[in-house]
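Below, chain A partners chain B and then partners chain C, in two separate complexes.
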Partner chain A sequence: MTGVLHHPGYADEKLQRVEQLIPCRELQAGMLVSLMGQPQHYSYPSIFIYGHRASGKSHVLHILMKELELPHAAVSCVECVSAALLYERVLTSFFGRSAASFLPRSPSLSEFVRLYRHQRSQSPAEQTRYIVMEKAELLRDADANLLPALLRLQELVDDNITVILLSEIVWEKFRPNTGCFEPLLLHFPDYSKGELQQILSTDSHPSYSAELYSSYINILLGVFYSVCRDLRELRHLAALNFNKFCEPLTEGKVKETETHKLWRNIEPHLKKAMQTVYIREVSSLQWEQMQQTEDEGGALRGLSAHTHVELPYYSKFLLIAAYLASYNPARTDKRFFVKHHGKIRKTNFLKKNEKTSNHLLGPKPFALDRLLAIFYSVVDSRVAPTASIFSQISSLVTLQLLTQISHTDQLDAPKYKCSISLDFISAVSRTVNFDIVKYLYDFL
Partner chain B sequence: MSTSSVSKGCFVFKPSSKKRKTRSLEHYFTRDCEGRESSERRFKLCEDLWNKIKAETEVLQEELNKKILDSLLDFAKKCSTTRQHCDWASKMRANEIPTAALVLGVNVPDHDMTFQSLFDLLKHSVTPHVVSVQAKECGVLKHLLKRVLEGLMDVAVDDDDEEEMEQNPRSVHCSLSTLSDWYTAKTKKSSSATPGKKRNVQDEDEHHHHHQTPPVVIIFKDLEGFNPRVLQDFISICSRYIDRLPLMFIFGIATSPSTVQHMLPHSVSSLLCIELFQSLSCTQHLATVIDKLILTAQFPFKLNGKVMQVLISIFLYHDFSVRNFIKGLQLALLEHFHSQPLSILCCKKKEALLNVTLLSGRDLETVRQLPSFIRFVEKQEAGEQVKLMTDDDHLKEACQKLIKDLRKYHKSYYPVLRCLHTLTSLLPRYPLGKQIRELHLICLEKNVWENEDYQSAMKLLKMLAKDELITSLRKCSEILSSAKSKKMKKAFTELDELLAKFKHLDAVPETVQEEPESVTSPIRNLQQQKKTDLFQLQKTLLEMNESRRSKKKSPFELLRNEVVEFIDGLVTCHLPPPESQTLYEVCYYSSSATVRRHLNATPRTSIQTALSSPCFYLQNESLKNEDGTVSNSAPDICIAYKLHLECGRLINLYDWLEAYATVVSAAEGQDPDCDTFGKVDDVKHARFIRSVSELEFLGFIKSTRQKTDHVARLTWGGC
Partner chain C sequence: MSKRKVKDVHLPTGECITQLQQVLRERFCHQRLPEKPEGVEAQHKNLLELLRRTAVHGESNSLLIVGPRGAGKTTLLRCALRDLLQDKDVNKNLLQVHLNGLLQTDDRIALKEITRQLHLENVVGDKVFGSFAENLAFLLEALKKGDRSSSRPALFVLDEFDLFAHHKNQTLLYNLLDVSQSAQAPVAVVGLTCRLDVMELLEKRVKSRFSHRQILLLSSLSFPQYQQRIQAQLSLTDAFPDAHFAEEWNSSIKTLCEDKSAQDVFRRQFHFSTDFRSLHTLLVFCLSRVTVSKPVIKAADVLEASRLCLCDAKANMLHGNSFNFELHKDSIYWPFSFPVVLQLEI
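Our next item is the complex of A and B:
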């Protein structure tokens, strides 16, 4: 029997092996192979492949390149912090390390092209060479000429070379406004539920039957498919919970065929996993320990449960003052902090735009002197303006509880924003017996 | 300095390589301290004492960090071993990077020491490949990568490898694949190391045996400071190499672990396997430090109540930094030995007694003038008084005795303080403070038994339930048993007898025992509802008192009263404030103002002081004016400052200049009736402009566009 993949340029057994390794992606692979054409033929200069996370883009290309033994350079754009690194990778994988050493210190694109042409003249391509670039969306942040140049690299270096870009973003978001060569677009759709089932079932546990694992995957997908379709995550979750699934089997309570009982056993467990380990509230290691020790009602607290921050006394008040300064309009300070302010009605006192909740609009910037003025009026004792008060402000900035919005070079009248939530500040003010709600304009 | 150049111009003279002779610490100490003669010995004493304190704190820190570091090490070891397992489950999820989130509290500078010891420990027992990075060095991904590579490869590279490094030190190679190649080469080489080489073979073999592939640990010292973007990219790069490069992260977190979730999106945090490690809170840390350094008779140097208060309030109100607290202690120590000539007696008993004999005439005169000594003399008989004031040898003998007394006082003070704290810390609402340092502060200030809170605490103690009372008394007896002085030994035996009596009570036939049960039960109820407010509590207590008076007291109650009386007796005997002790000035440092000035500086206040009363810093008598005004011969900036205080929010520069010229003319002694008096000439104008720009630089005024030729005033008050 022959598979979907067929091409005169490549041996059938190789293609069959490829097909086995990329379940549910035969169609896309077939398309790619036909685009690539016979090894010695010129291929299309650039191909753009997009699809969601974990839809098999890199995997398919990796398998194709490896199994068909094509000359290629695989580059991840995250890793290439500078274009130089990219050039070096490409040259190294095509012409060896010595070629890359000719690159000057911070090479420009034209230097790369020149060097490539020089090398090519010594060892011309017998087969199409491929550059596979993962996370291509990062190329948009690189030099403006890099992406257009890569798209028509074939022309520039005059060699049989094809650039394949992989991205999670559609091509429309890439197109530079100066225009460029249009690559061929190829979409990798998400895996369907059935396909996920098929793929996940392949990595079955050696000591259990494949059918059992497959039914386990079925249960798993029943719980998680509605929230997560990421193959990698699902595989991770499957691995984490399989032991628990097998527990009744190893204890001899249930036979492999009694799937309903197994389902009853594992289902609440998986639900719990969805709330904890899936969102990384607890790590997988802790999750496994919890399974072993048979938890007593969630003794382990997740990461987000630890929100309490211990702060020095005046830091707490500085934070309160910053919060008030960020969320109260400056005009209302008089009403809150001056003793005999007279009565100011909320309705006629307001400007139109202030009627919307300040909490919906987010924190507003404030100047240092306003912060200190509010601080001195909320703190209950007389505080000398010591150096440590000021250093506390900057340490609050380093702790990211405040953010400095003016540039750090600007020494004159720095401006800050308070970047903490109402819950956090109420917890802080409760510890110092300060009723913050009374001082917030939104809650008058 | 000269040049051989014939042309005019500016020449740079680099400072000659010979540095100025750095003077020793001792030189600075003895240069202008009180009582020159003994300064060298005092410096020696001070240094010794500080070294002892320092060693003690280091041991303490190590102990405190031990638990968390041990668990971290276990985590690291576990991670590196599970990676080598080849079973199904670990293969399935091998792509997670093990990460330890280490929560250390908000004072970031304090973490350095913890990280240093963590670094050393990891290096010593887990892996040679450890690197720690700081946010400020890693603004962009490239720098972070560079730091990591440099840290790892430099440290572990052997001599022959360094040549390789020199061949291609270009930043082009700054990528993780270089590291991964290096790592594989490294592990291969170390596994093929043959006994002939100069490596420590045995060590290597052992190493090799346990971890074939030691993990590569990267410590992020301050996670909050990192740019989230950089961190995300770095983590996603690392996860690509995790199969070749056994990485492990340690995140130092100052605020709360949820920061990790704020900084990293799910797609990135799903690459990590985060385990949480919470360190001791800094208040607990401080409590241990105070317990070991302050509340002990081991060190002769003491702080008085005010200094203690300053140090503690700096900690609680400002920085939460234990390191700063210890620095403050060091400052106080240094100041004490520097400023108090009698501090020569502040050392171990033997040495102190010896030093008494070496006291000079001037020192003895200082002793005679000590307030505590004067009080002591007044209490003596007339003949003795004269002798003490005139006979030097007699005084020396008396001093020796007094020093011994002081030591005895300290030896019993701390155990009794601890006992009192054990008892009062059980009481509802902590009348004498929750922490022992609060009780210590109360005791340092005045007679604790005269304190109202103390009396109410004693009343509450007289109502304590039996089991609670006995357990805390047991603790007290433990404390007393470890004390060495005779008085404490005596107190210990007495307490033991009392405890034995309690035991005896249990053995008494049941008919008698019933009664105390019925009495204690309402108290038990009371204990349960600890949260009730004080008023209610007092009410119930009063009621109970009333009802009790009518009843006959049970044997348990009698015994309990006896115990409380005993404790009260101990307190009145051993916990008087140090000020009541003669010669306490020798050991106690009391200048809280100095400590405050040094540790909690007030820059604005000092600038204002300098401007409003220049004589304070210039120490020039002629500048002093009685009514607090600035004399007209003060520096220009002071005059300008003084004049600007009289203005409103906006200052007219021309008026200001006129006023300035008038004041300065008067200072020059010009005749007020003269025509040129108060006229602005070029020099005055220039001087004025300079002082105005200086004021602007100091932040008192700024230019404004609201009105032409006006500047805005920025500060208020301070006249």
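Our next item is the complex of A and C:
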């Protein structure tokens, strides 16, 4: 017996097949199988499995259920917007479509349990039945009695049934006020670097050798592992950049063995792709097109430069004023916006913690008066404080470029915070020929 | 005679393990009723006596069983019911209605369920009732017209009793307790709850109709008793088919309970919580590690199981976080925000 998985309740061939399908998750699967026990035995009423995104929770469960041919109902809580859908799904998977048709319109949990008991008395479970619920955190938003009832469903319906909950958050956040049946807790840890390498290397390209792909993955992980350990995202990145990696090969410039040259070729592209990990501002197709055009232009631009927002003229200045108010200490306003302010040296007059870069500390709240004062001094022409200016402020809040800090019912002195980045504001100020860097205290 | 029988049923180890798993899994996972209640004999006697008075003498009663989660409230009640129903006369006569606060979330559903569990759907038919009380009175009246001249005793079990107190106007509780108070029909109302302050939840008119009988299940085990309980939970009974294996298993459990490191684990668990359910969680993990090649529970298994039971989920999640927050800066005041951290990272 070579495999890690071994259990008297299931055939060895099946378990070996399972093992091949779930690389690097044998330990967790073995644990799960031994907890589930032999199919005809009782299993623990509820099992709660948690782990980060893309740590193989659903995959392992899916493979186990499918390959071991266990009677199960796979339910995604995202799909089940109402409890009725959940009941229907469970009854259909265990007792066939006819059983679910007995459910009345908008059934209560009581009716579901009654119907289940009725069906069970006709076809009792020979094997443990499983309900696998993905994204279980959504159950917290459902009726308050649903989650506690599901956890002790075995007792309520008096059947050999186990409910498996999969979630990305910890069990402590689920527990209701008065407590409930405590499920078994199982943790799926993240894949380690070696495991990621092993898994990613499996989907190699048919026209290239496995070693080449493996070395490509090695390069990829070297760049991205420090910022992203999400298998799904890494897989996406690997697929996206592989063509670029192979370009010198198809052109015949380098041989497969010259990894160093290949690395030199791909590195800048990977560095660029780093800025857009997780963000997916553009589709993969657009990304590839962009790679093409940039090669011709020769300039490497980040993806963020492609986003731009069109704003009214005064809104732009309002935004600039808000940014200045957020990132400059209030005491420096005099120096920037008053014509004859006299000499003030940069250092001594500020408190100690103001010396650290304001951009690292994040935006600070400011009052409406200060915003308007800065606004009047940065805008070229004379502007009257009309309703249109004020409505533009509130529309900036709606656009989430500004955030209102104080409570909305406080009318006389509202406070705001500017929630945009330096890149964004420089792009905006360039459109109105305003050199924002000159007015920022951090860059003096 | 018995010696020969033992020889006859010597099973292979694989079969023995299967049997063992079956027996113990039923005990841990399915809450199989023990032969006799452990540690709550007095309460059991009390409850049984009370139920018997309703079932045999037609006396109405109401009672609450209060105890923390996993303390064995349901087990106690089910044990008492099992013992009660051994009496043939009672078995034939007593009607049971089991309601659960999780399932019957309002009084309309509860009433429907009561009707169904009393097998009175046909009697009710399409009748329209003016009020809840009228409906319940009709149901109980219908029970009177059985083969006996007097009405049959009914037992109402309300699991998660505190949830019923949140129903509108507490109509169900009011009516049930009212019936139990005003000698209409012999009714026993047994509530199970984990809230010690459940009395505060009841309205005045409901509270005054309740008999204020309570059975408290607050375990006050000492550690040796707890250890005995562990041993009892893991041991096999004489009913196990292979007596030889059962004997070996039981002796291995005994050595396990005397093992120093296993005792440490049990002691920690004991200080953590003494209820049945947390113990079962621990033992399920132990049991899942018993295989044909290793048909005993070792101290190492117990250690591993307790590690799994008591592991800190939040720490686990943080461990795998995408960012390594390695902020070993000097201990001076240093304000951090996300941009600061990101800057440090890159």
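Simple rule for what comes next: the second predicted complex is superposed on the first by the 286 of 444 C-alpha atoms of A that agree within 3 Å, B and C clash if a C-alpha of one lies under 4 Å from a C-alpha of the other, contacts with A are read in each partner's own complex, and residues count from 1 in each chain.
To be clear about the criterion, contacts are C-beta pairs under 8 Å (C-beta built on N, C-alpha and C of every residue); 3 or more make two chains touch, one makes a residue touch a chain.
Values in this document were obtained by computation on a predicted structure and should not be read as measured data.
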Which superposed partner A:Arg229 touches (first chain B, second chain C, both, neither): second
Contacts of A:His72 with chain B and chain C, given as first, second, both or neither: neither
Partner chain(s) touched by A:Glu310 [first = chain B, second = chain C, both, neither]: first
First (chain B), second (chain C), both or neither touched by A:Arg370: neither
Partner chain in contact with A:Pro385 - chain B first, chain C second, else both or neither: first
Set of chain A residues, in rising order, touched by both chain B and chain C: none
Chain C to chain A touching residues, read off their complex: 14, 17-18, 21-22, 25-26, 28-31, 68-70, 74, 100-105, 109, 112-113, 116, 162-163, 194-195, 277-278, 281, 284-285, 288-289, 291-292, 308-309, 311, 313-314, 316-317, 319-324, 333, 335, 337-340, 343, 345
Residues of chain A that touch chain B when the two form their complex: 53, 76, 78-82, 84-85, 88, 103, 105, 203, 205-207, 232-233, 235-236, 238-240, 242-243, 279-280, 283-286, 303-304, 306-315, 384-389, 391-392, 395, 398-401, 412
Residues of chain A defined as touching chain C within the complex: 6, 8, 31, 34-35, 37-38, 40-45, 50-52, 55, 108-111, 113-114, 143, 145, 148-149, 152, 154-156, 160, 169-172, 178-182, 184-187, 189-190, 226-230, 353, 356, 359-362
Touch list for chain B against partner chain A, complex: 88-89, 92-93, 95-96, 98-99, 101, 103, 105-106, 108, 140-142, 145, 170, 172, 174-177, 222, 224-225, 233, 236-237, 240, 254-261, 266-267, 269-270, 272-276, 278, 281-283, 314-320, 600-605, 702
